[in-house]
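As written, the chains take the letters A, B, C and D, and residue 1 is the first residue of each chain.
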Amino acid sequence: MRALIDSIGADRIRQYLPLATLVILVIAVGVAQPAFLEPATLLQLAADTAVLFILATGVTFVIMLGGIDLSLQSMASLASVIVALTITRLGYGAFVLAVAVGAIVGLLAGLAHVRLRIPSFIATLAMGGVLFSAALVISHEQSITLGEAERGYQTWITGSVAGVPSVVIVGLIVLVVAHILQSRTAFGRYSAAIGAGEPAAYASGVKVDRQKVIAYALSASFAALAGVILAGRLSSGSPTLAAELLLPSIAAVVVGGTAITGGVGSIWRTLVGALIISVVRIGMTFLGVNIFAQNIVFGAVLIIAVAITIDRSKIPIVK
Amino acid sequence: MTPSADAESPRASASPKSAMHRFRLASWAPVIVLVLLCAVIAVINPNFLSFGNFVRIAQAAMIPLVLGLGATFIILMGSIDLSVEGILTLSAVILSLLVLNGANGNDLGLLAIPLVLLVGAGVGFINGAVHVKLKVPSFMTTLGTWFIGVGVANALLGGTAVRINDKLVRALAISRDPLVGLPWGVWIAIFCFFVALVIQNYTRLGRYIYALGGGEDLAGLSGIRASRVRIMAFTLAGVFYAVGGILAAAQLGLGNSQIGLGRLFTTITAVVVGGTSLAGGSGSVQQTLVGVLVVVVLSNGMVLMGIPPSVQIGVQGLMIIAAVALSMDRKLVRIVK
Amino acid sequence: MVKDINGLMGRRVSRRGLLKGGAALGAAGVFPAIITRRSFAADTPTLVNSIRSLSNPYHATWNKGGEAFAKSVGADYVTLVTEGNSEKGVSDIRAILAKTGGNVVINVDPNDAPDARPIVEAVKEAGGYVITQWNKPEDLHPWDFDPNYVAHISFSGVPYGKAMAEALFKAMGGKGGIVALGGIQSNIPAIERKAGLDQALAENPDIKLLDFQVANWSDTEALEKTNAWLTQFGDEIGGIWAANDGMGLAAVEALRADGRAGQVPVTGIDGIQLAVEAILAGEMAGTVAWDPYWQGGMGLSIGYHAATGAFDPAKEPKDHREFYGTGVIITADNAQDYYDSNIKAEPELDWNDIWGRVSGQIQY
Amino acid sequence: MSPAAATPALSLAGIEKRFPGVHALKDVSIDIMPGEVVGLIGENGAGKSTLMKILSGVYQPDGGEIRLGGQPTRFMNAADANLQGIGMVFQEQSLLTNLSVGENIYLGTEAAFTRFGMIDWKALNAAASRQLEKVEVDVDPRARTADLDFATRQMVELAKTLTLEDQAAGHLVILLDEPTSVLERAEIEILFSRVRALKSRASFIFVSHRLDEVLELSDRIYVMKDGAVVADLPAADANVTQLHQLMVGRSLQAEYYREGLQKPFQDEVVVEAEALSLGHDYRDVSFSLHAGEILGIAGVIGSGREELTRTLAGFAPHDRGKLRIGGKEVRFRTPAEAVDNGMGYIPRERRVEGLVLFLSVAANITLGNLRSLTRNGLIDNREERRLATRWVDRLNVKTPSIDALCLNLSGGNQQKVVLAKWLNAKAKVLILDHPTRGLDVGAKEEVYELVRAVTAEGVAVVLTSDTLEETIGLSHTVLVMRDGAITHRADARPGGKPTQVELIEHMV
């Protein structure tokens, strides 16, 4: 019994390990390069993390119930193309359209996964290929630059409010919405239950398939939103706009301490994870880490960060 | 869907006498998919069935096969290995720097090969040791070593590509055996396949890998040291990836740090298309061979069938969904993740 | 201590030394010098090259040119890589702007055209100087961001893609079938080079394009596509046109495995060392050298001259603000010369001859 | 057999074990003679499992001595204990279902069949066949374990343990840890006869909650309570009441199932089955279940009762006939549909299907009907905590807090959480699938009381149980099934309970 109470006490501390890791990293970089700690730099860092965070948030929903979504960067790129192609005609509607396409795509991927019983790893990898092809075809294989007029629709992404970049505010809104979804709604609870023990959730009357499909739809919608924001930040759409964002997004989720096997995790952990990734990357630039060593340092830091942040008490077997 | 506990199945189909083996009809489904695929492509472009194309498919399949063999062992344990590209790249680069090459004065010849295999084993060992000792999920451990492997390869090269001038190493990809007419590299891959088959079927390591995939806690009760098995499996996989690196370097005739690009997802896709379960415990290297052939034939066939480049990757995605959906034995799988 | 580390890293230029160290697996000795802290003197601007990655010879040479120029003026030099990730590229540049307080000259090969706008805007805001190369949106012009956006340099893919096609056709004897390998479909150079190929094909009706496939600038994909073609078309293939050298060299390897290397001409573009060597060996028919050494050094030099007041960008004509550089067409005829003067020896460039290779204003 | 006559095969003398804050074993001394079956009983927490773990080398004792054949020894780890002749047959099956029978039998000890690093499968399978002969099971060693039924698996497990004969120097001592908990009566008979036959080869320590079985199989019985041995008595002299008294320290209720407390059920029909059928599993099953009624279903393996239970819980939809809940015709394709219709399933695989072990007690309790806790799309956390606390109090769940993971609760308390989940979901029908499996006597009684209490409130119950006594004792009505059909319907109201013999007649 006492051991039990001890473990709960330790649990409290363990919860804050990801945050502590982040703070230590920020301070470490700041000590070496004080410019890093200036508010403007930190705000910029936050702004630059927004897209990564939104992508990671989407995939958190899927990882929570034990799946994975490998289609997110193709979805984000496709969303940017959709925005670029339709913004002249639809105005703000283009953003809605892109996110709606995301929801439908996620729905289809989720259905392929649960109905055909294809592992999510393969279903979403394949879906990513389909989306990439779709983006290539509709964009006629080029990147589409947005003109002055179209950029007017994107001040909610590119502007700033009282010195705070708008994209940071968008990121915070996503944080609040996703956090509520994950921690306060039946959907979030069911996801955790499915991730931690699918048979028991199923036997308890949880509509497992439906929850999964919702999670994939959410993931793709968030990816589409990230693509919309990317289109705003880069004022264009391109089938490769979100290239190389897939693995950092998943890494952000795991570095935050969410279990890749599902059941344990939260959106704020993902936020911390995304920030850790950003701080390491940008911190290396600040510290002037040799360019040839950057990948090596990054890989090592990923492993060390996960070793610190992961909550092993809730994971039966580490695989 | 019935994610019922295992408890139900034995009651329903209790027939102790029926000598059911691990290889059941369902595992033949990928073979049927492969045959169908070949038939369709051959109808559209009869060149597909030429001996020349057979050789080219074998050539295209040799590296994915070797990589898939290594990955199969990891996936059988229920883990995942993302360091395929990292180890392959590092091995290819080190090989190119050790044999006669255009950048330095080394000329170790075939002696370089055992050294490179050792490097693969070393990185694989690090994967396993970090994963087991620090209890970091294999997904993250190997993601980290992926970055590190490519990073070290890049640092060794300083951004260049190094041409391999060693005749013997190049011969792996270029020269062919006098009998069948297959490049030696293909024979190496076939040899690796049989080595993997023996490890899988006739060694304790092979057995324990299945046991860990079937239930790590239960395997522990039988006195199996899970951590040792895991470390050995990752080391073994590292050796296979190193072989892949040697073949890749021989094929392209150079070592550069982009040589591994895009190979990871092909490898895992091939393993899964073959029918090995990502949850661990079921599957085999034979199935991986079939999976590799499905993936290779598919991409070869798309060019032969004249599918426009921009939709190829999408068609490939849909075909893979179809292949996996067809070959999935839904009754055997309780939970799909 | 810091000086020592800098010294150690500074010697990185001697790549061959490093390769030897690497070959002996003694690279571990190099890694302790992971962090290179520099003083960032207040007056001289920091010079920054932002490129895709250091894992390809093209950009590695680019980086060497940058280092050489930085050394010639005694400025601090930083390399940033995007690793193909646009977000990372842009945020790294923002980080360096924050770190240096804007006293910086950035010579950037944007990962994709769209990245240029946020980069230029960020540099303008911070008061630094930026030169873009290859990729930028058509409606983004240096003169709209005076004086910070100094210039945009590109190489028109169309004439060079066409020139390579013509070199290929010539090597084939003017008729036959060819296959072509393209780069990432949405990349402007890929599109332009393909357009050049198409023009050449239109002018040479005896040449038939058997198939065009996208190999995404990847060696491996190019090898696989070429293999499939060898099945599909067999002897019909009289030549292979590739949108860059890496893919071209992979095609050569596919031919070699088929026993046909040297018999089927192959062209590439970029002018990397291995391609030039392949031309010397008779396995490739041509390539175009952009001279990345010049791109990496001269881009910085133009920016440096603007930043230090040697000229006022706002007063320069438009063909100095948005111009095509000059590529060198290399075929069997001049390959040896090029090899001797540019590859065997470190090229000698006059970094002050900033407009020396302007070959006209960019036309959209 | 006289315990004093020979040297004990295994003896424990004055074993002590302490954990932080707990004195788990106090001066425990136990002797096992060669060829003897020793029963070991005690409530959960009495120290049985700690003792077993010391015997199998998982824990090291803090004091005392272990003697094997009279020689002091230590078990460094499980493998070491194995080598010295201590084998273990586990309660939760320890065979890997994805491996073959032969592979399982020699898992971890393939070295004996390995030449130059290669396993000789022919030799291994031949040896496995010999092991299987020892336990008289006719199974191909190449058969996949997943294809075997539980009883056969248990025999395979025994065969696996007997391989120690070839490796261990001395006499074998086999620990049987709740080996019968997943077996049917007929299977248990087979197991017991095998154990008796094997007495010439080994001694056994038999741990079980089922006192009648312990009495049946053991030669001698040790009773543990609060970490100490409180009694050591020959089985022939003992009876269930006496053992129970020794275990819990108070007398067993005169009537184990407290028939007197059973209340008559109401007139309202809640579930009505009409010629319900599912493939070859069961056919033409008809019954009516009333509010407050407990309907026991008895039958052997293959009788179809398990499948019928799964149909009611939503796992295996029926293909013919009619099922009506509260007058409305239904066909459950998923458990979710069953739950929506007021069914609540308490599965036998408590840790797999009953609870999400890695979620908190509170989250598990509310998992069945989060919808009612949701206001404007958000879970009302305060209400959730209030409800969870109420159920924890009402069902007397022993947990440090409602935020503790279910993983850390004892079996009985876990079962209470499962019950709380369905009570909270206001289930009208509870399907109890072996509800007391693996629970000790005290926990069982608590479960019985709870079941009585909910039926008194009008909840209807369908019960399939491990033992006939439990079925008879709890039920108002008992259905007997054989070969997929109902063969007998017995009224089991208090005062008029059928006898076991009467039911068995219709079962076989």
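Please note the rule applied: a residue touches a chain if its C-beta (ideal position, glycine included) is under 8 Å from a C-beta of that chain, and two chains touch if they have at least 3 such contacts.
All of these numbers come straight from a predicted model, not from anything done at the bench.
Participant: Could you tell me which pair, A-B or B-D, is linked by more C-beta pairs in contact?
Facilitator: Between the two chain pairs, A-B has more contacting C-beta pairs.
Participant: Report, in whole Å, the distance between the mean C-alpha point of subunit B and the mean C-alpha point of subunit D.
Facilitator: Going by mean C-alpha positions, subunit B sits 43 Å from subunit D.
Participant: Between subunit C and subunit D, tell me the centre distance in angstrom, where each centre is the average of that chain's C-alpha atoms.
Facilitator: Chain centroid spacing, subunit C to subunit D, equals 70 Å.
Participant: Taking each chain's centre as the mean position of its Cα atoms, how many Å separate subunit A from subunit B?
Facilitator: From the centre of subunit A to the centre of subunit B is 29 Å.
Participant: Hey, how far is the Cα centre of subunit B from the one of subunit C, in Å?
Facilitator: Here the centre of subunit C sits 34 Å away from the centre of subunit B.
Participant: Where in subunit D do residues touch at least two different other chains?
Facilitator: 315, 334, 347, 349, 352-353
Participant: Quick check: what residues of subunit A touch more than one other chain, meaning two or more?
Facilitator: 136, 141, 199, 202, 292-297, 316
Participant: At least two partner chains per residue is the criterion; list those residues in subunit C.
Facilitator: In subunit C, residues 31, 54, 185 touch at least two other chains, as defined above.
Participant: Pull out all the chain pairs that touch, please.
Facilitator: Contacting pairs: A-B, A-C, A-D, B-C, B-D.
Participant: Once bound in the complex, which stretches of subunit B touch subunit D?
Facilitator: Result: residues 1-2, 4-22, 198, 201-204, 207, 210-211, 213-215, 218-219, 221-224, 281-282 of subunit B touch subunit D.
Participant: Sort out for me which residues of subunit A touch subunit B in the complex.
Facilitator: 66-67, 70, 112-114, 116-123, 125-134, 136-137, 141, 198-199, 202, 208-209, 247, 251, 254-255, 259-262, 292-300, 302-303, 306-307, 310, 312, 316-319
Participant: Using the touch definition from the top, list the residues of subunit B that touch subunit A in their complex.
Facilitator: So the residues of subunit B in touch with subunit A come to 1, 3-5, 77-79, 130-131, 134-141, 143-152, 154-155, 158, 216-217, 265, 268-269, 272-273, 277-278, 280, 310-318, 320-321, 324-325, 328, 330, 333-337.
Participant: Which positions of subunit B touch subunit C when the two form their complex?
Facilitator: Subunit B reaches subunit C through residues 45, 47-48, 50, 52-53, 56, 59-60, 94, 97-98, 102-106, 150, 152, 154-163, 173-174, 183, 248, 251-254, 256-259, 261-263, 299-300, 303-304, 306, 309-310.
Participant: Mind pulling up the subunit A residues that touch subunit C in the complex?
Facilitator: 32-33, 35-36, 38, 40-41, 44-45, 48, 51-52, 136, 139, 141-143, 145, 147-148, 230, 233-245, 248, 278, 281-282, 285-297
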